[in-house]
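Multiple structures are listed underneath, in structure tokens.
In the two assemblies presented below, chain A is common to both, partnered first by chain B and then by chain C.
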Partner chain A sequence: MSNDSKKLIKTIRKNWGWYPFVLIPFVGTVMFNLVPLLKTFIDAMHNNAGTFIGFTNYEILFNDEEFIIAIKNTVYMGALGVCLNIPFAFIFANMLNRIPRGKNLFKVIFLTPMIISIVAVALIFKFIFSADSAGVINYFLSLFGISPKGWFSDPSMSRETVIIMAIWKGIGYNIILLFAGLQTIPSEYYEAASIDGANEFQKTTKITLPCLRNTLIFVYLTSCISVLKRFADVYAISGEYGNPANTLLTVILYIYKKMFSTLFFKDVGIGSAASIVLFFIILFITCINYILTEEREMSLFRGGKRRENI
Partner chain B sequence: MKKRLLACMLVLIIVLSIILVGCGNNNSKGESSTGVSNSKNANNGKRELVRIAWLGLSPNDTVDPISGITFKGSYLFKELLEEKIPEAEIQFIEIPGTNWIQKMETTIKSGEADIGWYTNQVLAAEWFVDHRQFMAKDPEFTEETFEKLFIPVAKHYTRYHTFDFPDKAGAIYGLPYDVACYYIMYDKKLLEQWGVEPPSERPTFKELLEIASKTTGKNPVTGKQNYGGYIRTYWCEWLGVGADIYRPLSMSEMDISKLDISKYVDYVLESEEVLDYFQFLIDFIKYCPPGITSDSGKEKWLTPDNDIAVMLDTSATGVYYNHYLAGNKEVTDRFVPIFLPIGEQGVSGFPEVHHVAVTYNAKNPDLAWKVVKTIATDKDVLNLIFEHYSPSQVPALVDTSGLKIMEDKFAKARYEDRLQHSLITDDYWYWREPIQKVFGDLFVGKLTAEQARQQWHTNMMEWIENKKKQLGK
Partner chain C sequence: MSTIQAKPTLVKVSNIRKKEKRMPTYVLIYYFILVLVAITIIIPFIWMLSASFDRVNTYELPYPPRFIPANFSSFNYKMVITNMQILVYLKNTIIVAIMSLIFQLILTPMCGFAFSKGCFPGKSIILIFILSNLMVPFETKLSAIYNIVKNMGLSNTYLGIVLPGVMTSAMFIFFMKKFCDDLPYDLYESGVLDGASKLRIFLQIYLPLMGPALATIAVLDVMNTWNDLLWPMIVVNKHEMSTIQVGLAMFSSDASGINRHAGMTAAASMLSIIPLALVFIFLQRYIVESIAVTGIKQ
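Entry: the complex of A and B
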């Protein structure tokens, strides 16, 4: 027996007791993630009668205008959501970090929307953003002579209105994460910068953002994945239809329509094909994000090592 | 040593758990999950367990928050069925209304139900057995009995017709026990305030549009904003039945490659009825609250502050029935139900039929068949169903003598409506899903009536071609 094999056996003998602990999440991952994924792959290649039809469902899917609209809506709302959520969360986190008193109170205020059910939030926002002239926002607009807006009912602004609702509901999580990140930045850095004559903008760009980099990457990655799976908020507003005029139709809602809806023709094959496509879209975007952030991390690391070697 | 002991204990716990889960709920032998034995030598005699998955059937009494009526729990249903069928031990499984199709499918496919519930489901062929096998060996209930017992719409939508499973055309999945009858409504008080004549008991689309146009604006009595009507983006396809926009399909083979496109699809391009119906929708929407595209604006319906004259959303009118049962005069005196418009074809509304059926993996199919028969035909059981579990539906039987629900004028009128004016078609998905896709754009003014007609035709052709590809035709 070679030395490597002996080493391996010795390692296993020494550490075998830990493997059962790993078994539980492993079994869970296989049962609840991999098996359904495999089943979805299989279903995507069958028709309603269970007959194998190859990639026919994918062909139908990519020729379905509704699916293309769903992808565009998902990407647009995702990009808008991330571009607004993270900067606002950063601003609020900074404000929270600087106030001398009441931090806990504000933390509760920011986190409270997260614990409210999305259905309740949708009802509240439907009331506030009612398309009627007596709606809350429309009433305030009328005081300035502005005509009532459709908000959720207007295809030209329904997506943006949903984003406002989504940000209100979800920003608390990012605020708390970024706040926690800000707390780890030593105050000496800011003191030293002040002595050197740095202004607030310079402190933010040269100290805060670099030190907060890892937290920002985490927030960015998780936000990207989350917005690509947008469903609850659009369903709570528009029901199964994604109206007005399919502007609130996201990929998950499209899948829901095909697979779970009682009002539409149930087509498990098409729904499964759409699920697989979404899986690859999320995987692709996550990989791109990861590579880009890792590349930067590695270049910084290499740069640091070169400086050490000088 | 401690670590190894911990690891051994953990492995033991996992293995034991798997064994317990695997051996539990074994109904083929010994004890069932309810503790009732399936064998004939059970402690409680000869009863065999029959599990019925039923939509929205609560085990406990429920009180309707609007009308205050108490509806009895499934225990009463269980007691009556067991009285009628002494050899059966009935167990009800409540299937919640939301996403019920998935829940019913999961319940059936996991072997948890011997009898299931469904409406007009394409997937019934996968969930249930063809009941003609029971009828073939049951002298009390043959296929001829089936044809004689039920009203045409109930019979038709119990016999299977779908393009997805052409080999199963004509199969009978279960028995019907009730039929839904949708209606529209108007606010009598609002119309009086505007000085507008109420619509007839079965109005025309023109009548509805005229009333809507005359009752939109500032109410002359209250000064508040009123809307002539309300319509939901979805379900408009069923309103269109009364506008003669569909050609009822009749195909014995259900082979989509043999669908006569010129007769059942191309007619749309020349149909004045189709154009008129889309134009009606475009015109009617102008008199509706601005939030209809996101299903808002009808919150005050059936309340004293109601601001809508004519309600074409049949989901909103369903709530009315609870007020009616409760004898709530405040509501029933003001809000008046009327029938859906019909055209020259003489049909209207969604042909929704409710069934119970023996599942494909039922433990005791013959006993389950007996239970299904009892539910669908026994008048005592049907009386209980209409009193507590399906109060707003109408019977599926031809012979309604002995059914208390028929003593009510409103129910009787609705039964007659379904008997005479139900759409009978072998499949509706080939036009339903395509037209659903048109309404979204139509409601926001993106399409003219002609464009909507063209789009519907294009969608139908696409649907049919896709279905052919999926079926390898």
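Entry: the complex of A and C
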């Protein structure tokens, strides 16, 4: 036995008391991360009968019209949500930062949607955005002479309505996050800029945005990841069906249908293949996060953090 | 004398007036917009509260929409409690939330403490290994995890709902490690000099100092468990073991197309948010803090 390994054994013996502290999360990671991931990879190469079929599942998957629709819906809804949510959250956070009084009251009000789950939100919004003329929104529109809309039940606007709902639920969180970031910018910067004669727009582009860069990247990329995992809201609206007309079918809903459905034909192999595709997309976004953010250690491991849908 | 003294005050007054005049131009607009946003956020809550106490005997929504109950009664709540087993769902969710909370509050500070103050071979590799949980979304390994949990005999149990989450809570461990990094190492050394074991140093010296971090984790964890839908729905397939979100989702989707009774729906939603609302009211400071910390601490 070499000297090095003897030394290693000696230090392990001396410090063995530390290992019990980290044992349970370590075992948990093996059991619920490493093994399931490998299992999913293997499942994706088998058909329902358990025969090895190589990459055929992926072929089936990309020729499956439903999966393509699911990807399109997820990306469309995600892009719409992120593009509306973050800029507005930024604007509102800036306003919140500028007002002299009542910041805490506004913060609490903006955060109230956090306590209500997306399922309950969906239940309530189904009535508020009800298709008949007695729904709150349709009634409000009728005051301006606009005819009642179908909202969730109309295939041409169901996705947008889900986004409205998700923004209502999620914008407060982003406002608070960006507001906390804004507060870390020293006010001297703005004072100096005012002395130099900068206007509000210049202050925003030359001071606020660069100082808030890391926060914005964090918000943007975690939002991107969480919208790819959109499930609870569309499930609460349409159940397993993704109705109306498959417009609310998302990737996770597709995976759920393929793996656990009680109503549709199940195929764990194809579901696993879809999971792997999703896994690589999310890994890709996490890697962008890793490259873009300066503080690498932190940002790398934030990628997959659980967040509500945007 | 008097003229000299009067001058500065005059200048001051005019300065203040100038400021007062200058401020409102944009601050008032900001207030106006922020109030509009706040109203938009509040209105659904008011509608829900009002509808839940409003007794309407048809399935149709009242026209025009009401924000104050016209026929005040607790009928809707009685209906939901007798017909929907909502109290059972609530009980299940509370048990699950408390179990998860206990696990988290025991495991994550211990682990964070070890990674921060400990010195043992393979520390950084084990840390990266545990943090890999954050790079692999839970949603991409659903069926494999379900099979593991089922083979452990834990499907349809509270432990089955809780276990995969608490054993892989890398985010909280990392957060605890960061928090513990800011605590001085000298405390550990003095503990060692006094002959205390590692566990005792942790329990008696470091754990009491971790209060704020524990509160933050508690808030985030309760919110996560309370609002989780996908995993409980997969693990549990018995009505009497369902959590509140699964119950609500079933209530929502088992009659897609058919109009639900608005009052009952609102009452069910109200009941589902009451426990979290209590948490929110009492720990509001920590919620705002926890969001800021998880997002900003860079």
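Just so it is clear, the second predicted complex is superposed on the first by the 254 of 310 C-alpha atoms of A that agree within 3 Å, B and C clash if a C-alpha of one lies under 4 Å from a C-alpha of the other, contacts with A are read in each partner's own complex, and residues count from 1 in each chain.
The definition used in the following text is that a contact is a pair of C-beta atoms (placed from the backbone, for glycine too) under 8 Å apart; a residue touches a chain by one contact, two chains touch by 3 or more.
All values reported here derive from a predicted model rather than from experimental measurement.
S.K.: With the two complexes superposed on chain A, say which partner A:239 touches: chain B (first), chain C (second), both, or neither.
M.R.: both
S.K.: Who does A:18 touch here: chain B (first), chain C (second), both, or neither?
M.R.: Both partners, chain B and chain C.
S.K.: Contacts for A:263 in the overlay, against chain B (first) and chain C (second): which applies, first, second, both or neither?
M.R.: Only chain B; A:263 stays clear of chain C.
S.K.: Answer with first, second, both or neither: which of chain B and chain C does A:130 touch in the superposed model?
M.R.: both
S.K.: On the A-aligned overlay, A:223 touches which partner chain: chain B = first, chain C = second, or both, or neither?
M.R.: Neither partner.
S.K.: Tell me the contact category for A:250 with respect to chain B and chain C: first, second, both or neither.
M.R.: A:250 contacts neither chain B nor chain C.
S.K.: According to the stated criteria, A:286 is in contact with first (chain B), second (chain C), both, or neither; which is it?
M.R.: The second partner, chain C, only.
S.K.: Who does A:47 touch here: chain B (first), chain C (second), both, or neither?
M.R.: Touch status of A:47: first partner only.
S.K.: Who touches more of chain A, chain B or chain C?
M.R.: C
S.K.: Which chain A residues come up in both lists, the one for chain B and the one for chain C?
M.R.: 16-19, 21, 24, 126, 130, 132-134, 237-241, 243, 259-260
S.K.: Going by the contact rule at the top, pick out the chain A residues touching chain C in the complex.
M.R.: Of all residues in chain A, those touching chain C are 8, 11-12, 15-19, 21-22, 24-29, 31-37, 39-40, 43, 92, 95-96, 98-100, 102, 106-128, 130, 132-136, 139, 168, 172-173, 176-177, 180-181, 184, 200, 214-215, 218-219, 225, 229, 231-232, 235-241, 243, 252, 255-256, 259-260, 268, 271-272, 275-276, 278-279, 282-283, 286, 295, 298, 300-306, 308.
S.K.: Which positions of chain B touch chain A when the two form their complex?
M.R.: Residues of chain B touching chain A: 3-4, 6-7, 10-11, 14, 99-102, 122-123, 164-165, 225, 233-235, 289-297, 429, 432-433, 436-437, 440-441, 443-444, 446, 462, 466, 469-472.
S.K.: Considering only the defined contacts, which chain A positions touch chain B in the complex?
M.R.: 16-21, 23-24, 47-49, 51, 53, 56-57, 59-60, 63, 66, 126, 130-134, 148, 150, 152-155, 158, 237-246, 259-260, 262-266, 269
S.K.: Looking at the complex, which residues from chain C come into contact with chain A?
M.R.: Within the complex, chain C contacts chain A at residues 23, 26-27, 30-31, 33-34, 37-38, 40-45, 47-48, 51, 60-65, 107, 110-111, 113-115, 118-121, 123, 126, 129-148, 163-164, 166-171, 173-174, 197-198, 202, 223-224, 226-227, 229-230, 234, 244-245, 248-249, 251-254, 256, 260, 262, 265-266, 268-269, 272-273, 276-277, 279-280, 284, 287-288, 291-292, 294-298.
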